[in-house]
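Both complexes shown next keep subunit A, but they swap its partner, so subunit B is in the first and subunit C is in the second.
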Partner chain A sequence: MAAKAPDRRRNNPPSHGTTPPVFLSSSSGPVKPKQSSRPPDEIRKIFLRTGLISSVTGSSFLEIAPLKLSVSVLGPRPLPRTSSTPFAAQAILTTEVKFAPFASTVRRGYIRDSSERDLGSRLYQALVGAIRRELYPKSRIEVVVTILDSEDEGDDVNTVYIEEGKTTVETKFWDAGRSERALGVVLAGCITAASAALADAGIEMFDMVSGGVATSFVDEVSLKGKDRGDAVSNKLYVRDPAIVPPEGKAPLATCVLGYMAARDEISELWISGKVGTKNGTAEMDELVDEAIAAARSARGVLNEASKERVKFIVDKSGTAPPTEGGTTDVEMSG
Partner chain B sequence: MTSLVVPGQPLGPVSAYIPGPGVHIFNGQIVASLVGQVVTSPQTSSTPSSAATAAATKIPPTISVQKPVLTTDEETNATLLPEVSSTVLCRITRINARQATASIFVVNNHICGDEFQGVIRVQDVRLTEVDKVKIFNSFRPGDIVRARVISLGDQSNYYLSTASNELGVIMADSEMGDPMYPINWKEMKSTRTGVVEERKVAKPF
Partner chain C sequence: MVSSSRIQCKGAADALGYCHPVRRWWVGDDDDDDDDDGDGDGDGDDEGKEGVAVNASGVDKSHACELVAISPYPTAEATWPSSAFLLGSDLKLKPKSKPDVEPCKQTTHFQMLHFEGSLDWVFLPVLSTSASLVSTKPLFSPMSSLTPQVDSGESLPPPPPPLTFSTSLFRQISPALYLQRHLLHSPPTRPNGRSPSQCRDFTLTTNSLSHAHGSAVVRAGDTAVVCGIRGEVLTIAPGDDPSRFESYHSSPTSATHACGSRGAGGASWGGLIVTNVELSTGCSKKYPLGPPGGLAQTLSDQLHELVNVTKLVSLDSLRIYDREDYSDVTPNAKIKGYWSLYIDVLCISLDGNILDAAWYAIVAALKSSRLPLASWNQTEERVFCDSSLYHPLSLRRSLPFTTTFALISLPHSDDNGGGTTVLLNDPDSYEEDEACEFLTILSTTDFEIVEGELSRSPLAGLRTRVEKIEKRGGCKIGLRQIESCTHQATSKAARYIQSLMKEQLTPI
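The block that comes next holds the complex of A and B.
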């Protein structure tokens, strides 16, 4: 028993040895960020598939360009015996979002950081209203999202650097909405994939929530000029924005939302950035409408992906639709 | 091939159908709340005219949405929860003078994904002569008991009852560890030694 205990005092090497990494030669020159050629009102292609993890109730895997994430849904399962929560007439939903350490360009730790907790609570807000929680008393439903790859650059990006003697505060990037844009795409993906996983788990919902994100851009010159408030006319709305802004454009605001298309309800709304003060309401409405349009596009994928798994099961089992009351005998084999 | 629906998809007006499992009502419409196949019973043809006539003449058909499962590896119904009046099978884990604690593993003939904890209080063991019931003469740890859920209970326990003829111990081992068979409603006999032990025995079907 004592031999098995790990040696905590030394920095142990891996037991199986390591091989040195092999890098490609960098003779091709610096890699230029790829500019997408899609129109601004078109979202990127989504790959979504459900039922990939057999050990959980429901699961899904989603890819949108660089974003890759998997969602597991556990439950409804009994509340832990030690839980301090009193009798729960409705299911308790818990959401957890975790970036894999290698998921962003800056390596992350294993412990959840603030942005992960923030995404988790936003995901909770997006989903909690859609689930028919009253059908699952005394139980909890866990949604666990693991982000395997993303455009996010870690908390470093928006950290403000103040040097001594300097009065101005400068961010590392001129592109102030960069982190929000990256996290927004991640959150929208989380919402869409989590809905697919909940549907795969067979948890009853009022409607499926799909995530949408849109960013408003203005010309870079007009942002630097004096009249930044009047730069309303040449605004460019981009649905599902990539982290690289369009040529010569500067971001103003990003809107992420969870949207229930069949009910026309917004379950979660997150706007960050500048929406003009002069005709701010109109600007915000436009931005939200763009995000809704993005969510509607994602919903189409969500519907098909959810049906795909059911279709597969129906085809495989080759059963006629089950008839009410008539139980069929199960053939015991193997 | 029946049509597949997704949550949020309207299935028809409330006047045409009686909502069954897997659907809910929103704005006068029956709306699916599961991904799956639409099932109407009694089966009606999908043409709206015949459905309308059926609704006008007699009770409208029940509409429900069912999610098909792969019977091979999804035998355990993961979204199954005990409800009041569902019949469960449970294993007695602890006993004391006031109650027997049990862990529920079958709900309404379906194996559940997680085991739920339940208690059978001394007053719920049998229907008559409740004052004379002794837990120690009714259950022992390890017994398999058929019971009925009488309450969702508190935060951790479902409240179970065996106060019915067909409810009670269905499988038990004697103190020596031999399987026993029931000889009457309150006694079981060891197959090997013939020793008789007291149990609250379920009436065999």
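The block that comes next holds the complex of A and C.
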């Protein structure tokens, strides 16, 4: 950190460089993380509200357990009139995802890192097909996601465990699918919240996209055997998985998707991990179906949030539901 | 854009008698510009002969703009024959060197000027100095002046009926006037319905984030900020002298101070607390995405400065000693490291007065921070933290609070008998756009509890001490106004302390 050139636009940390706190746990091993009592086919409760930011066209705030994120939609607004701007017959969509520096266990930098850019491009893929961009020529729509808090990386990644009588320091390594699961939950939340914000902005879409995520787990014992992943029978699919795997289970694969429920279309699909091919695409289909089911559940929340917002606007404006266009013409006399 | 060093901007609105949001530029043509004339002969000759007040001067030769000529506007400028008057905010002038630039004369009385580029500006007819045109009425309304008036006097067309706009349109096209009309009303009311001394209601939530050591969310009206604090450990290298972390600021002669905190990171106490503000979160239409712009940098710096100047955090709670037992810190305990605090303020929604909101969030987040107990481990030779024991930060006893006012200058009117300045407490972004400057008061107040009940106002300010007044700009305000501002600051601080008490952060 100290070797980096200082950021001239921000206040910089002391030149010595600082390290994140390292915890010492002399007890016998890590504390067992608490298991959730949620059934595997149930997603966590989603809090979603739109229209909280008055100074932008559309906005939403989403909360799923520890994940908290805020989305604002800027535009559609005209592209800058410079000679380098090409003509755009369709609206140009840009998506940005940024974690707050304090959003995860490892403190994030101010400049977007590769995982944030990756999330941004996936969010773009999920949304770009849903927006009727041809209705907004020569303009741009910006979707900005700020993640304030996440489940990312777990709480005790910096814990050092010292065994009795030994002086070796070992950092615990997490199971392989952990970061995919964490990012998957974040991405699914981003997709759902961004659609809500786009709807709040009044941008025309074919359908609202909702995000869903599912992970397949197998017994840890069977994973250690030689034919890993082949035993389809004992697979456990968890929708909207928490960072802590179920007791005695090891993750196989995680699937995140953006799903348009009314059209039954998938706009973005991201599968990582091991999906067996012995039975053709059956395994993958199962996983995708689980993720779709999770997305359908999220869609219910999305619908409710949009309805709530419309109701709020109607209540505020008085009596009638909003008319076509929503705005009244200004009368100019004289 | 007109960007010559010799072009001055004058408040011409008064002279014109109407108020129009377009900025007016005056190009001064000094008496001593004979040499300029020599340069501008090719263009300037004709005008000179005809006695029309046109001259291509007042601009640096290096800049070489073809200029703008003009008109003594009937009243004051009649004695200033070669002054130039430009109307418009986005003008592009042709380089003087181009031979095809010739002033195109419509009549002897009017001078049209060559401009390139946008036509957003209103053409200003050039008037001769003939006395017949001298009138006290504005000759053109902003919208109807595109056709120069050819005849001087007898056959003036009847003035068009004045344009009227709906309130929302008025608000959009002439914000300054809209605001003035509101404030001149009695009692003065701001467009958002508040009185000038009234601040917005705010809500405060602390420790809602799981990964930060301390956090706060402050929402004041439509401005919402999130502040998160993360502590990291700075270990002192073996040969290092810890005493240089102990002073609040490094000495002015040191290189670290010279390049400021943005430089290599001053190894001073000030360097231990790193404050940054992030505005590129899509918090407002006006603020661009991308790296921090001017406002974000200014704010980061101001808040960084405030944290350091006020000595908000006591150094005691940041030291890490070489002993594990914290019950008795003896003087011979050696300092092995420090906690470095990263204070990050994210603006979620921006509607004015971000400084106050950010400062409140910082104070509340610091108040709610719990750092793990850290100590030096001799065998591992590094600092370890205890995962079960946490300690709060010790802040200074009386907390300082900022209160920001926007200064709006009102024009002359019969009521106030001259231009006055109105101070708006806790401005929103609409008012901020029209404010000529800002006044920020940093004050501390000692309070006592009057009644035990939290719902009413239980606090009474005992003594208010102003720690800092920041006022940049040239508006005049009286001592009395500053005094009333201080009172408002006290009442705002009382409300803030109250909300901190509700969060059970300050036992008074």
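Going forward, the second predicted complex is superposed on the first by the 263 of 334 C-alpha atoms of A that agree within 3 Å, B and C clash if a C-alpha of one lies under 4 Å from a C-alpha of the other, contacts with A are read in each partner's own complex, and residues count from 1 in each chain.
By our rule, contacts are C-beta pairs under 8 Å (C-beta built on N, C-alpha and C of every residue); 3 or more make two chains touch, one makes a residue touch a chain.
Just so it is clear, the structure is predicted and the values come from calculations on it, not from any experiment.
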- Just subunit B (first), just subunit C (second), both, or neither: which does A:S70 touch? second
- What is the contact status of A:P86 with respect to subunit B (first) and subunit C (second): first, second, both, or neither? first
- Message: Which partner chains sit in contact with A:S115 here, subunit B, subunit C, both or neither? Use first/second/both/neither.
- Response: neither
- Message: Going by the contact rule set out at the top, does A:S267 touch subunit B (first), subunit C (second), both, or neither?
- Response: neither
- Query: When the two structures are overlaid on chain A, which partner does A:T95 contact: first (subunit B), second (subunit C), both, or neither?
  - Reply: neither
- Between subunit B (first) and subunit C (second), which does A:A201 come into contact with in this model arrangement: first, second, both, or neither? first
- Look at A:I53 in the shared chain and tell me whether it touches subunit B only, subunit C only, both, or neither; answer first, second, both or neither. second
- Item | First (subunit B), second (subunit C), both or neither touched by A:N303 | first
- Which residues form the common part of the subunit A surface touched by subunit B and by subunit C? 54, 57, 77, 330
- Item | Residues of subunit A defined as touching subunit C within the complex | 6-25, 52-57, 59, 66, 68, 70-74, 77, 96, 98, 100-105, 107, 110, 142, 144, 146, 148-150, 155-156, 159-160, 167, 169, 330-334
- Message: With touch defined as at the start, can you tell me which subunit A residues reach subunit B in the complex?
- Response: 54, 57, 75-79, 81, 83, 85-88, 130, 132, 136-139, 199-208, 260-263, 302-303, 306-307, 309-311, 313-314, 316-317, 319, 321-325, 330
- Task: Flag every residue of subunit B that touches subunit A in the complex, lowest number first.
- Result: 1-2, 4, 6-10, 20, 22, 24, 26, 31, 33-37, 39, 41, 43, 62, 64, 66-71, 73, 78-79, 81, 113-117, 152-156, 158
- Message: Quick check on the complex: what are the subunit C residues that touch subunit A?
- Response: 161-166, 168-169, 208-212, 215, 222, 224, 226, 228-237, 256, 261-267, 271-272, 274-276, 278, 280-286, 289, 291-292, 296-297, 300-301, 304, 340, 342, 344, 346, 348-351, 372, 374, 377, 379-380, 382-387, 429
